[in-house]
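We call the chains A, B, C and D, going by the order they appear; numbering starts again at 1 in every chain.
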């Protein structure tokens, strides 16, 4: 048993940085705040790499087993149901540690350049520390409640950072939307946790995901609509994951979340937080795979559908960050689908490995894309593609790194995306041909819209820019580092590191699939080049011929409008308003009515007291007579 | 040993001090000193209690005192505390402390204001330490009646109407409660022997089931109304909206918890069989209240109305947890009492402070306060996050325990109703974030707002003292929940 | 002899007088008449006491004495009542009972 | 019959002596010495009241016609002190020029009713009871009509005397029926001979209604409001506390001695009457604007509450009633004291005139507030304890529904008591009653009342003692 005690500092340091800079906010110099945050995440990154090396490469045994590095009782719900806070070291958590700390560290450094001179500079770094803490805590969680706790905390930091420009109405609205949509999804997650804890009596992952544990080996609960209780619970858990990972139909918050500063989009809304849903499914994969395969089918379907759906929307968007956002949704759909088609143990678990692999590579190239986009925006002060074009001269470093990332996401060898995407396609092919077909198509679409973006920004029409210059070194260095990752991460022997049951296996290289996928990617690239490399009107013509279909995609399939209709019209106006009215007029009205009736009655009966002695005597006598008669009737002796 | 009487003595001395102070403005100083001493004493109590428990004292209540008062009726001045009471006393100490500082700038009839405020707090402290149904009832009413004057004289808006409605509804409930208490008293010696008002004594006998069935609804409704039990909650929005800041704080923060505490210690503890039988019926109303309060809050425009309806929803969760009758849910309910007490007090304090500056409580009339009063705005955001159950703040642990406990009930119906109640957390996010977005964010709407100042020292003191405990409970709930859990044992034993 | 008249007859008479008094009290507008009606009621009671005493419990004289006291008190009552009537008459120039309804509701 | 037996009548004898002395002193003191005369008279009554506190033996004289014991002494003490307080509160009214020379008259009338009440409470025989009752009633009519320049006062007197005569006619008819059945007029003997025959039930109903008239229970209450409103305010307070209290006391005694065996019958009777009395009293009180009329209806409702204790025919029930009367005396006299101070100072008797009163006269307002809280039954003032014990008494008999109706009615009553507080404390006025300083006797009386309100509830000894002495009523049977 190795000692991973030090991993606790990975959590403590960012949290301490958050508390310290948060409480002293306004008292510290902004640059000092940034330094503290960067220092904390820097050390945490180093420790993460240490842990990764120790876990993967200094491990003597054949397979990887989960290790609880630390644990303490945080809260006791009952004698048996105890919530721990701890650190769980296993392949996926260590892999995530590396991803998160690397990207976060890069984004920290990048932000010192990108956010320079911003009013909320110090606040930004404080929240960045909070996010790093929450995200690291999420992946290290040992139990369902801990993961839920940090799940909410990443949601909070996402909310805070999307709303960084809080004076901008659209940012405020986007932040709110992100929080509420994910909150709604989390409701399912929470109910799922409640169901699981009720049937298993524990929150701990090691108990729940134990392949020989009671949850998996025994049937629990009854069935509902033909699915077992456990399946329902797992679907609800997935609902939480779907919310965070912006799966259809919860995807609507992510494009809006681009209102946040671009480094935030890179860190939270591309590389780390949004894949938390994938991570969650992976974390519970044993249960899904062995005890709730129907739930896994749902995941596969949602993943596949979302990846296609988002890719279609991405084609028509003009805001570069929105394109990247839809691309993210689409890529996460890939990962979800891969998990959904995966089996358990050995080579059947290829989908799982592929999904994690893609998560890993995606983090690098997508973060890089966003940071590159940030660099572009930093230079031209716009998000819209129409304001760009021919930037390759002005922003050479950004251009090269962006191209690497674009090639990587398009699945062009030898860049990292190729390897992971190839495994996903192989896994899909082995499991379900339909999903394979969809994902194959999406691969082509991805290459197309990414190069559409690339050509539009860096090639296309020439324009003159005022005062344009390449970003400072604090921004370009992270770009290069990430570009390195995006280029070479694909060579990691992932199936030897991350597998469903911790036992490494060998993957075979699927030549046909590889060739096919590269072929479609190249097709996409060529179409994009033909349309966008030079300024032309061809694309508009095509758009015009597509007509309604084009409009519908451009309007994102009107999902936002449907949501707006349900929330504004139905929930707010119909339900909430009527309840508020009911409360004021019926419930409260009844209480007032009681009072008013009493007062009215008091006026009604005042004639009773007429002031006339005759009447007084009459009432008196009537009283006597009634009493007499009643008693003579009831007590006749 | 700790003498609980000191918890009453200090407020009474403060009252006397306020009465005899020469300059009316100094009344606030007297009140502040008195309540600071009280706060210290409350923490000494907490410390002593934990020390005593750690030393292995497993008595049901600690610091027990029993002085016979009315020989002929076996009324005695019986006091003592268990973990639940200690938790709530701590809550009260904090809230009244914060309340005094929140009303530091009170202008007219200062002496009278602090007099009634502290009197109200005295009633609450007395309520939590009493173990005799009679004196419990006395303190209960003592805590309610100052509300009339506090709202009527120092309130805003339709204050006379609100004050009257609140008082009549709450006193009406306590009237029903009185019948329930008398019923318990006269059935407290089913096998002959002396009847008693002493809760500890009564808990040792089994009240005949017929009597339990008859009196449980009375006790439950009697205590429930002050916890805004649907459909008797309508005093709450009007009352809170009209009340001055400190009164809203104390009322929503502490007084509404008297109901939950009473339901637990009287209705459930003394009438366990009836509680088991009738819980389902009342749960329907409580669950309606939880959802209904949340949905009503969504459409409100007045900050205080929003918070009042939100309180209906959150305090509804207390009753919800209590009626589940499982240990975890009871624990959650008690935690929710403390947690919601702190959060809502913080909310009302902040609303009062914002209102004192902008002179409006309408959400859509304000905008961009974050820029001009960052301290208050940040505090408001934290309060909102705590209220919507964000982990790391106190609301989460309480609600989690309630939901887990409720869900672990073997009846499927209970689980269904739990799912309904759980969904209120989404609605909570909606109405809280709506306010945060509209009121605090974006640019300043009214130019004159740029001249507004941020919190003064006494306001900061008030806010920070509340924030501190919200975070403390949220981050490290274990000691508190263990303290409550061990005190729930006797109740659980009665329920089985 | 008086024993030839059964007690019930006397009681019927007294009850009749009682109700005549009550009826008078309810219908007379003049206060003096009302006072007289009350005297009738009291006299009905007196008849009751005397008759019951004489017929049923002749060995003790409680009923007779009670009657004497009732007569005496009735006189006192009448004195005070008439004094107040005069006072009222001075104020409103009437002793019609329908006139004294200044205070009501 | 020895001298020491005569001393059992100590209270009444002293009162008679005081009356005679006042009668003479009225002649002795000159016209410009009315204040001294007033103080002298009050002092005499004070002596009488204090003497009542000394321990006294219990026993019966005049062949059982006059009975005395701890319970009776307790009741008489309450009445004596109430009278004393009423007199203390009267100086403001006496000091008005037109009343000055009639102080003696007032005192004598008042004291004779008190003597009547003493005999009534101590009676063991219907004759004594009747004499006491009439002695306690007829002078009251004269007192009600005391203000002979006001037609309202005369109207009050007329309503009182005519209806009182009518009701005593009915009461007497009832007594004659009881006499017909049992052949005796002694309470004790009659109680043993009553067997539940039709006639005895009829007698019970008639006697009960006669007493209900005095206690002003619905539907026998109609005189109350008019008489209270028309009478001078101090007479009103006397009527509402002393006269009503004495009637309740004798009702307790008669029901529990003569009609003890018909308990289940008068239980149901009272049950019904409580419900209508409280409800009607409350409903009428809600919209009253004249303080005297307001307190009249409130006292009707209070009478209904008092019956909750009467319904419990045990030592405990009796004690709760006596205790409540004591508390009620403090609360009602405090309220009337404030009202009479205002009335004597400004002549204002409408609640609406009290607007903004707290701003100008905070102390009087606070006294009024305490009184209102006590009447409404709000802790920690004594009224709460009084009401609580009454409810306990009714609950002891198992009448939970009745208690429920009663407690819900306390909410209506709380509403109108709060209205008074609202007017004084919350509402603002352009021309509030200006600040004035009450005279010394009034201050003393209010201090006594406030102390009584605050202390009585906390000193459990009073109530426990009452329970002990009340036992006598039941042990003798």
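In this text, a contact is a pair of C-beta atoms (placed from the backbone, for glycine too) under 8 Å apart; a residue touches a chain by one contact, two chains touch by 3 or more.
Keep in mind that this is a model prediction, so the values were computed, not measured.
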Exercise for review: Please work out which of A-B and B-D is bridged by more C-beta pairs in contact, and write that pair.
Suggested key: A-B
Check your understanding: Which chain is most remote from chain D in terms of Cα centres?
Key -> A
**Study point:** Where chain A and chain B are represented by their mean Cα positions, the distance between them in whole Å
**Key:** 36
**Study point:** Separation of mean Cα positions, chain D and chain B [Å, integer]
**Key:** 42
Check your understanding: Taking each chain's centre as its mean C-alpha position, how far apart are chain B and chain C in Å?
Key -> 65
Exercise for review: Go ahead and note the Å separation of the Cα centroids belonging to chain A and chain C.
Suggested key: 97
Study note, to complete from the structure: Among chain A residues, those touching two or more other chains are 595, 606, 609, 611, 613, 617
**Study point:** Overlap residues in chain C, where contacts from two or more other chains coincide
**Key:** 22, 25, 34, 100, 102-104
Study note, to complete from the structure: Multi-partner residues in chain B (2 or more other chains touched) are 168
Check your understanding: Can you list every touching chain pair?
Key -> A-B, A-C, A-D, B-D, C-D
Exercise for review: Note which residues of chain A are touching chain B in the complex, please.
Suggested key: 26, 73-78, 81, 145, 148-150, 152-153, 156, 163, 166-169, 172-173, 175-176, 179-180, 183-184, 187, 190-191, 194-195, 197-198, 571-572, 575-577, 579-580, 583, 587-588, 590-592, 595
Check your understanding: In their shared complex, at which residues does chain D touch chain B?
Key -> 316, 319, 373, 378-380, 384, 388-389, 391-392, 395-396, 398, 400, 403-404, 407-408, 410-411, 414-415, 418, 421-422, 425-427, 460, 463-464, 467
Study note, to complete from the structure: In their shared complex, chain A is touched by residues of chain C numbered 22, 25-27, 34, 97-98, 100-105
Exercise for review: Could you please specify the touching residues of chain D with respect to chain A in the complex?
Suggested key: 158-159, 162-163, 166-167, 170, 196-198, 201-202, 204-206, 208-209, 213, 219-220, 222-223, 225-226, 265, 269, 280, 283-284, 286-287, 412, 415
Review point. If you look only at chain B, which of its residues touch chain D in the complex?
Key: 69-73, 75, 134, 137-139, 141-142, 145, 148-149, 152-153, 159-160, 163-164, 167-168, 171-172, 175-176, 178-179, 182-183, 185-186, 214, 218
